[in-house]
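My questions all concern the structure below.
Order of writing sets the labels: A, B, C and D. Residues in every chain begin at 1.
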Amino acid sequence: MKPDPRLALNLAGIAMTAPLIAASGCYGYGFDYAAWIDPADWGAVVVKGTTLHPRVGNPPPRIVETPSGMLNAIGLQNPGVYYFLEHIEPRLGELGCPVIVNIAGESPDEYRQVAGLLDSTAGVAGLEINISCPNVRCGGISFGCDPLVVEDLVSRVREAYHGTLMVKLSLEAGSITAVAEAAQRAGADVLSLINTIKGMVIDVERRRPVLGNTTGGLSGPALRPVAVRAVWEVASAVSIPVVGMGGITCAADALQFILAGATAVAVGTANFVNPLAAREIRTGLQRYLDLNGVAHYSELIGAAL
Amino acid sequence: MKPDPRLALNLAGIAMTAPLIAASGCYGYGFDYAAWIDPADWGAVVVKGTTLHPRVGNPPPRIVETPSGMLNAIGLQNPGVYYFLEHIEPRLGELGCPVIVNIAGESPDEYRQVAGLLDSTAGVAGLEINISCPNVRCGGISFGCDPLVVEDLVSRVREAYHGTLMVKLSLEAGSITAVAEAAQRAGADVLSLINTIKGMVIDVERRRPVLGNTTGGLSGPALRPVAVRAVWEVASAVSIPVVGMGGITCAADALQFILAGATAVAVGTANFVNPLAAREIRTGLQRYLDLNGVAHYSELIGAAL
Amino acid sequence: MQTKPALIHYCELIENTRVTAQWHCLRLRAPKLAVASPGQFVHLRVGSHTDPLLRRPISIHHADESSGEIRLLVRPAGAGTEFLVRSKPGTVFDVMGPLGNGFPHLNENRRTLLVGGGIGMAPLYFLAGQRRQADLPFELLIGAASAAELPPHDYFCRCGFLPLVATEDGSRGVKGTAIDLLEQRLRTGGEAVRLYACGPPAMLSRVVDLGRSYGLPTHISLEAHLACAVGACLGCSFPFKKNGQIEYRRVCRDGPVFAGEEVYFET
Amino acid sequence: MQTKPALIHYCELIENTRVTAQWHCLRLRAPKLAVASPGQFVHLRVGSHTDPLLRRPISIHHADESSGEIRLLVRPAGAGTEFLVRSKPGTVFDVMGPLGNGFPHLNENRRTLLVGGGIGMAPLYFLAGQRRQADLPFELLIGAASAAELPPHDYFCRCGFLPLVATEDGSRGVKGTAIDLLEQRLRTGGEAVRLYACGPPAMLSRVVDLGRSYGLPTHISLEAHLACAVGACLGCSFPFKKNGQIEYRRVCRDGPVFAGEEVYFET
């Protein structure tokens, strides 16, 4: 798509043609859709959660549909950071847009190690620290609920990594704003939210949880009002930019997050339903700017506060 | 409906013909549907949140639909406990099923006062303490997030009230199980969960939140997987019975909660969509017991754990 | 247990006709609902999944006990109303009703003015028909943006009356709004005794003002987002002023028709 | 930017025919999808709201490049498949595809056995037709609970082949399961060179066992709940055993057809 200057931004050092990001875990390493769809329809792509060691992931079933949403329990299946650096990172330039790597670890030190290994790699524009995955102990929410733990973890990663650092927040913290402030204090450049919320579906015929992992993370439109509220609260509490996500399917949904204070938005589940989402949201935002005579989308950031 | 002994239960002192409860705030005082539908289709009815003083409630709009759910911000509109005792309580016998009163207050002492006024009133079978309403400071979630605060509040109400005491939990606590355990320690007879989760919808044309109150509580099927998970966690952590709710629309949904550990279930939003829900869920449960040769529904409680 | 009247009715769509550029008139077989009176409404499921979730309220546009049919006039505004206008004859709707208080039907043999703004004409058309049958004097005033947004003449003729029309672009009737038309009829149309109105809040507020100036009682039908539609959830509250205090009343149950003087229109 | 092939195709439903007590055959105008090969699938939206949310995968049951049409064979199992079987001709579906690897189409001029359990016959029918056209020997074996759950004879005749049938109640063909039939054909039908299968996991696992006993390679089509269907979400992973270690492969992208010997069927 022809870049529209009214949508361009620099997200704490990452130059993007639009405030639209493919959400982690929902777009692979960016190559899976590329046979059909230009990854550069996005302003940036966040790749699958990456850990120090390879992980096989959770037993199936890993997904189940719920009303206007889905649960997933992938379990951070990934080939590990060394494989990533050897086989994937060198190809990321092909995508034609900045790539952010989502990282997770079993301990603060593992996070630091992964971040250190990814520091100043050409293909990687920034990191997103996942401290909010409801499906694994690794990368898990256990790290994301307590402001003190978050501050310590983010500080360590910050020492090891010199690019743009994004911290991904969970709603399951007692106070998401306290965690947000802790991440900001520790040197995060950007906050992203929300990750999925832990849920469960029971198969009443088998009288067992549907998912192999028992529980999984809720994503999709079902979540959207809760995510908009969380972005609104966090954007009001911090001064660094916020990337909003949770159930975005179209330009109007994206605008809700921007008006609530998000500098950019990420789209996950909607890709599964509509692989043309990036392109359609981009066009929809342009139309909104046209109709409302807005010179640059950033005028809308937080305008509903 | 003809009571089916396979569905009968005694919920910590309240005899019910079925483990089906009309959720607070969704069934008025039980009379609104009564011109058409027998309130005794329910095992019990929980009436609207009641406070010491009358409350006018929040400015409109108070509700907005979301994907597979809705936000509400009623703001605990109610005529106050004195009016309730004079004009409503004497008529509750007409409903033909036990009535539980949902109470809220602006301070622990107000809760205690309301509970004391409702103690040993003939029409009231039990109380549900709302410490999880996301829409008001009164009765609000501020009381429901901290185990110590919960323990104190529930202890005071417990002193003033001698009937069945139910405590309604929010998912927004840092740890819902810690709050559940605190309520149990303080003398709660039953726990009910979950209340709505705070959300927000922005009108992108007006660039303003849709609700008069800015935020509202998410209810309905969108919430269901998260609610089932919460019931499963809480039922595993406490020994007192749990009433599960959140997005139940049919017998299969109700069974998910029962299999996750709920002794009874409550139905809110689904009434708005299908006012015959109580009757249909009852029939659906009977059919499940028939097909699976289950002698009493209680065999299913927690069977998926 | 005494038997209670049914709240839910399964009603077959007999005919679905487009009557303006956008609006559709839906004719339903609904014997139990055909007893409804003008100003009452039905509350329909708009799909069988959980999105859209809530029912949608639609005024009863016409009810005929003898044929056991009702008609609805629907303006597509979003997913729910689009589901309705796209439905094919033979579809069976899940309909709650009849709900709400309805317009007070007064047998006064004096001229009343019925003011409908846009789709707000739907229930007033029913009221007009009722007054026509009872041979009571009335004028139906309708406002719309342009002629394309109004049903054709013969839509009204078959009920034995014709509305007075105002369009903002002057493409049909008087050029102006329903309020302009009302002012004109109040100034020039002879003595009126009572105003009935349904339409957007800004219009209703003006109708109430005019009623006050002319010393005429007003009966206005309000809209709100509804959930339960029977008074149980308090989701549809609208502000009223009583002894200088704000109080909320339920559009679905206490209304949708209220004495205009009591409604508190925020400005 | 080079132009890329489209992932989404808008395909008109031309015909929707019930072919068993439950299954429907849907004929779609889909020129771009008609190049697909047997074992590939499409991924369809099943509504325009957010419930049901995810697309549903359906095997390509037949594809004809010359007419630009594809056929799907659908067994109603829930909201999504019911949406499909209830759709009326003229409906335009939003279809992703063709997806997945498909069955290896080997030009071996030796007898292969194609085993379909229930709706699993859908892609094998396509493979059978292809072998028929190429004049390569094969037998299509189909199992079902009863005759009512199988398409009639002429459903197959027009493609120039007839399946061997097993029904559990013996109401058509051999009494027994598809596996019983397969065992019989392996014992008595002369030398076979390769097995293709699609059906419930328990059946597939037995096919693989039989392949092992007879020293025949098996190509089996697996099912999983899919989200993205292109390999991006890792939601559809199925366990495989490699060097004694479990590893997960993606049904949607690495499959749905896999070498049976490598699949790890939990017991």
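The working rule: contacts are C-beta pairs under 8 Å (C-beta built on N, C-alpha and C of every residue); 3 or more make two chains touch, one makes a residue touch a chain.
This one's a predicted model, so the numbers in the text were calculated from it and none came from an experiment.
Note: the chain lying farthest from chain A is C, by mean C-alpha position.
Rounded to whole angstrom units, the spacing between the C-alpha centres of chain A and chain C is 47.
With centres defined as mean CA coordinates, chain D is found 54 Å away from chain C. Mean C-alpha positions place chain A and chain B at a centre distance of 34 Å.
Listed for chain D are residues 50-52, each touching two or more other chains. Taken residue by residue, chain A touches two or more other chains at 67-69, 220-222, whereas all remaining positions touch fewer. Viewed as a network of touching protein chains, the structure reduces to a complete graph with every chain in contact with every other. Those residues of chain C that touch chain D in the shared complex are 47, 49-52, 79. Per the touch definition, chain A reaches chain D in the complex via residues 25-28, 32-33, 35-38, 48, 56-57, 59-65, 67-70, 72, 74, 77, 220-222, 249, 269, 271-273, 275-276. Contacts from chain D toward chain B in the complex involve residues 50-51. Considering their complex, residues 67-68, 221 of chain B touch chain D. Residue ranges of chain A in contact with chain B, taken from their complex: 66-69, 71, 145, 173-175, 197-202, 204, 207-209, 215, 218, 220-226, 228-229, 232, 247, 252, 255-256, 259-260, 288, 300, 303-304.
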